[in-house]
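First chain written, first letter: the chains are A, B, C and D, and each begins at residue 1.
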Amino acid sequence: MSSVTEIQEHSTSSRDGRLTAVGDSSDGKPRWSNQSFDFTLPEDLRRVFPDYRTPDGVSAYLYAKEQGIQYPNYSQWKMEPYVEKTGFQDKGALSNPEKSALLRAAKEVIHLTPYCGTEIVGLKLTELSDEQKNDLARLAAERGVVVFRGQDDLFIREQIKFTSYFGEPHIHQQSGIIPDLPWSHIVYKDETSLNGLRSQVWHSDVPYELNSAGLTTMRFDLLPQAENGDFIGGDTLFANGYLIYEALDPQFRAWLETLKAKSSGLGQAAVAARLDMETRRPAFETEHPIVRTNPVTGLKSLYVAENFTTEIVGLEKRLSKSILDYLFDHIRRCLQFQCRIKWSLNDVAVWDNRSHFHTGIFDYFPKTRHGTRVIAQAERPYLAENSKLYSEVKFQGYSTT
Amino acid sequence: MSSVTEIQEHSTSSRDGRLTAVGDSSDGKPRWSNQSFDFTLPEDLRRVFPDYRTPDGVSAYLYAKEQGIQYPNYSQWKMEPYVEKTGFQDKGALSNPEKSALLRAAKEVIHLTPYCGTEIVGLKLTELSDEQKNDLARLAAERGVVVFRGQDDLFIREQIKFTSYFGEPHIHQQSGIIPDLPWSHIVYKDETSLNGLRSQVWHSDVPYELNSAGLTTMRFDLLPQAENGDFIGGDTLFANGYLIYEALDPQFRAWLETLKAKSSGLGQAAVAARLDMETRRPAFETEHPIVRTNPVTGLKSLYVAENFTTEIVGLEKRLSKSILDYLFDHIRRCLQFQCRIKWSLNDVAVWDNRSHFHTGIFDYFPKTRHGTRVIAQAERPYLAENSKLYSEVKFQGYSTT
Amino acid sequence: MSSVTEIQEHSTSSRDGRLTAVGDSSDGKPRWSNQSFDFTLPEDLRRVFPDYRTPDGVSAYLYAKEQGIQYPNYSQWKMEPYVEKTGFQDKGALSNPEKSALLRAAKEVIHLTPYCGTEIVGLKLTELSDEQKNDLARLAAERGVVVFRGQDDLFIREQIKFTSYFGEPHIHQQSGIIPDLPWSHIVYKDETSLNGLRSQVWHSDVPYELNSAGLTTMRFDLLPQAENGDFIGGDTLFANGYLIYEALDPQFRAWLETLKAKSSGLGQAAVAARLDMETRRPAFETEHPIVRTNPVTGLKSLYVAENFTTEIVGLEKRLSKSILDYLFDHIRRCLQFQCRIKWSLNDVAVWDNRSHFHTGIFDYFPKTRHGTRVIAQAERPYLAENSKLYSEVKFQGYSTT
Amino acid sequence: MSSVTEIQEHSTSSRDGRLTAVGDSSDGKPRWSNQSFDFTLPEDLRRVFPDYRTPDGVSAYLYAKEQGIQYPNYSQWKMEPYVEKTGFQDKGALSNPEKSALLRAAKEVIHLTPYCGTEIVGLKLTELSDEQKNDLARLAAERGVVVFRGQDDLFIREQIKFTSYFGEPHIHQQSGIIPDLPWSHIVYKDETSLNGLRSQVWHSDVPYELNSAGLTTMRFDLLPQAENGDFIGGDTLFANGYLIYEALDPQFRAWLETLKAKSSGLGQAAVAARLDMETRRPAFETEHPIVRTNPVTGLKSLYVAENFTTEIVGLEKRLSKSILDYLFDHIRRCLQFQCRIKWSLNDVAVWDNRSHFHTGIFDYFPKTRHGTRVIAQAERPYLAENSKLYSEVKFQGYSTT
């Protein structure tokens, strides 16, 4: 079992020079840096769209349509094979536990439910200081999701820049892309999606990757509307994975902590193949601990998802299925650790994708909803020995219970 | 299989003279009437609290505490054996399909999600005309739940009077009561409740009764608060049972329509016995159709609940459990037909308890939350042959999709 | 739903001239004939083993080993695409209900359990008259399996000839073969089989074919032995599918009779591919009624198997799995309809593979057990409207209960 | 976790003087002794049947019928409260590992299947020496069940005496009795039993007792017959619990070894109450380790049963059910560790009821089958740390694999 310390001892291997380790921080540990994020496309992709440039101030979806380009775009290009990246350190760890720089600057702080979800009123993400961003990373690790309404200037390029502060932005190995901005995943169901119910399941994003999806941002620039103009439908649910884990029996938790599960990208690749989407890298399966530690809070959370976790390593198929079905059902039943976000235009959710679950709600077909999601990649999942349960710690700077 | 017509041909048998059939309506059918609702207590209960009177303008909970009376109160008294009441006609059936009297009077009509939940802004329930109440019954049958915020004058006695317009108010056979107002069910967990999770399950209320819970009102006069004074926790979920039913496979639906399930009050009675609560009437089990017709919309909905439905009649125990577990899981998975109500003081929910599911969310312990629920009893569940699916009809007066 | 009559109205389409319809029977219906069975190999296969000939009086397994040939053999050759064969009539239908020709000739008739399994003592299968064979087909349809001990002259070629009296002998699309006798399936686990537990499951053979496996024979020429020479291990279980069906709830049976299930050869093909076995014909999936009629007894039986039935047609994946799991579990629990055959050398089991289940028992590894199975193909599964339950009929000529 | 050593250090507390500890054995440990078994009835029962005496040489069932006495008899009498008995030592531990005294005296030793069941030919149980009995206890612990055919002189009183050599004979707390011989449990379904399917489930007997059923004998004196006089129906299945345990995943086994399960007598008592049978002692529930050690072989076996094990201690209800259902299903699927005993008159099965499962097969109704079972009580279940898996040991004196 790897520990936080072990992981942090490895230096950062930057894949392409855009995100580099800077070793001169106060504690001598390598750090991710987003200073140099320059939107240089992977070479292979550059040949596909040499001149395309999504402008600011418009939905990437509407612009692509206007340009007569397939959207999301599935042009062929190849990604490099996956290699684990070490040396990640969460920005939240740089924050003070009170998160004062962020919380005191807010006009209002609204906690949506006792155990999940906080809305910060009166701040622009584009204007946050590094100190405030660090606080935000910590707050997201604590509250699961932090909502900022009406971020009308966080255009897609700004969103990528903003998110890359927290880690190298992830490029999806199958999904359709914005032609010149593959670091953004498109949250949009088109006519190939039927009704989206395949995606209506509690999960963390791309768990089959070696490095986890970490801090993640999502912003909607098109939303379904009722006849009276109200936005309606397409809410998103989030849930606290620390408490979902803690709500399991102690004897069961002790066993789960000894087990790994397989997260598979094969299912997603099979769907991609069926839809003639492009697979940029062969799909693979990864073994992760079922219970993982969040490096900022030091808390244990449950890390399985019905649409990605295919088996518990070493268990007979039927037993594995029984245990996983129990866990998936447990997640669904834990209403008391959820919150529900209703979206308005340009609202942004910032969440910690490692220790919290989320699911879309697909109640708006055939209306259109379009958003952009950017994932900052984080550490490879690990379970540290001294990890705690949610009820054993007290977060500072606010109280919801 | 009984039909709507058959049911309406029976005349109303009023149990105690307070709710009487008035035969002179335009179509000659018997009607429930609430003209004479007079708060006369069952004789047996009258002896227990001869002088107690909950005043207006105060939470029944706070008043009882102040009076030094156990709350909720479990004093002994006996209810008459249960007899089916025939002749019920839903007030919604008297409304025009446009529901104009209600919808046009509203300052604003906010639909919470496409398939469930509507908020009516700017109206007082105490001031609704009968025509508007009829519209409300229809709207509740269509939208599941209708919310009216800040009903600060719908004191508990007013709430009982208001609800009794829609049907005889129900008295629970076990639950603790407000000493002088047994027609109100108390929504409150005290120190005997642990954490309420036993109640965090999708259900319709008291389904073991012969006559269903029909239009139901719930109002909160005490809510949990965060340290900054915000109300937080204790939201309620509602779900559209028509669509939950329609989302099942057609071949499966065809079979379900031939089956009945047992709704049991024994579990609730066993809990009552364990807690030294009073059982006012021996608990019983009732067989109801699994799929029932809503008399106002004519739509079929699924009518089972994990905490009450114990078996499918005639099926081997394990098969019955397999089918029911599938249905309960299906209900939990249908996020796309749900809405979530966040409460403020004196908010009132009005819902159709026959065709829609709801569940509390118990995320606020050990804080206090207190509300009062009044149920207007309706018809005995039946499945009419000409019943329709949700997608086969179009509701009038508004559009959410 | 096709009926017996419909099926019998179609004339036999003989695939290769070896089995031909003879139309001059008393009732003018086409009949299968085995008069001309001549061991002519499919042309493609003939090129592979032009000179190989398994002699009589020796285990095909031992002979092949001696000849230095891979066994079972997986050489490449191609089978024609599958086409439904119509016009099958069961030989059992030609028998008299008393089955006197067979039963009276036997030295002894031992019924193994009340509902399954009969041993006929004192007869040689090679010496049975057509009348006795017809009786045997009927007895197999009634008792599931009929055992003849010590058939030391039913060499593999004789076994194929004998079985082909009852229908065209089946050639498996993947399994290893005896080089010159592909009409025999080899019952033998070699070093690629691990422990055989994959096959330890209640089933009927090759249910994905359009035409069912009908009367089937199995004979063992090598059996595991204990140190004292006793034969030990490798028994076979059979079970009465009529009663397994009848033991289900009437309301459930009524629904099952409206459903079809998919029998898949894909799993078997996937295993074959993984083991570099030859696939002679692309694997396919077939939809069959879940409840089928036996044309001889007119009885309904359950027709699903855990290793072949992948889904119930038209049902959502999880519901389909719930129902199938219930059925598979039900089959396993029905000990009261099973019998267990302990084998000695040259014992032969003759069974009706349509209405009865069987499973091997893999308790003898790493010892060797070798047998040969020949399947006479029968009608395509159908459910006739006037089919009966087991308890509604009384078989003639013997009594076991 | 108690160990073998701990258990053997406690001295025997004899309940009623009939079975006493004799301390002069070679190792100074207390021993059970059956020298003084004298058929003295519990005082309370003595008053009920002061003069009744079942004679030798006749079925207790036929004799009771002849005497006009209800059979099995349910007269009222009270048993003392249950107290754990310590100091048990298995007679098998006194045997030599080769079991020569027994095996060499046998005319023939037939192993029924590789992993379960041995038939000893040519010996009378009434004539076995103590040394041979000790060998038999060891053989039963190894082979699960040992069959002796045609024991026509092991009348019921002899059977009780014989079995009491191995431990104090058990008296059942609910079941009907032979009026003067309550130490024998009657294996007989009468008209109140419907079809016995409730008992067709893999189990070990009376697992809710503190002290386990140990060596057990069963003898049939009435069996169902076909019209030709053959015995048919009512076979019994046995299964090897060591291998059933070993066939589970190693990671799962490691967890199971930390868990206890509740064995309940409440279900049996509820059936008794419904049938107006007598409860001689309040029913109770006992927590036992899920994996237990056999004191003779030192092997671990699985110790749960669908009809008695109600929950895993400390696990949430649904998780507990998932795990137990998996285990029950696993037991049913393990055909490769079973054997099936077909009975003839006066056949006797001797089995180790701690480490092996058995189930009746109820395929003979409405015919009559009557047998007598006597249980020698053994140690309280424990899991010793140095316990082994079946495949890690080699039994001596014979070989079946």
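The definition used in the following text is that contacts are C-beta pairs under 8 Å (C-beta built on N, C-alpha and C of every residue); 3 or more make two chains touch, one makes a residue touch a chain.
Since the structure is predicted, the reported quantities are computational estimates derived from the model, not experimental observations.
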### Labels of chains that are neighbours to subunit B and to subunit C
none
### Minimum number of chain-to-chain contact steps, subunit B to subunit D
2
### Query
What's the chain with its C-alpha centre farthest out from subunit D?
A
### Message
When I count C-beta pairs in contact, which pair ends up with more: A-D or C-D?
### Response
C-D
### Task
Would you mind pulling out the distance in Å between where the CA atoms of subunit A average out and where those of subunit C do?
54
### Centre distance in Å when subunit C and subunit D are each reduced to the mean of their C-alpha atoms
39
### Query
Taking each chain's centre as the mean position of its Cα atoms, how many Å separate subunit A from subunit D?
58
### Summary
Note: subunit C residues in touch with at least two other chains are 329
### Message
Can you tell me, using the touch rule above, whether these chains form a line, ring, star, complete graph or other shape?
### Response
ring
### Task
Sort out which chains touch which and give me every pair.
A-B, A-D, B-C, C-D
#### Entry: subunit B residues touching subunit A - in the complex, by the definition given at the top
109-115, 197, 200, 224, 226-228, 230, 232-233, 235, 237, 329, 332-333, 335-338, 340, 359, 361-364, 367, 398-401
### Task
Note which residues of subunit A are touching subunit D in the complex, please.
248-252, 254-255, 258-259, 314-316, 318-319, 322-323, 325-326, 329
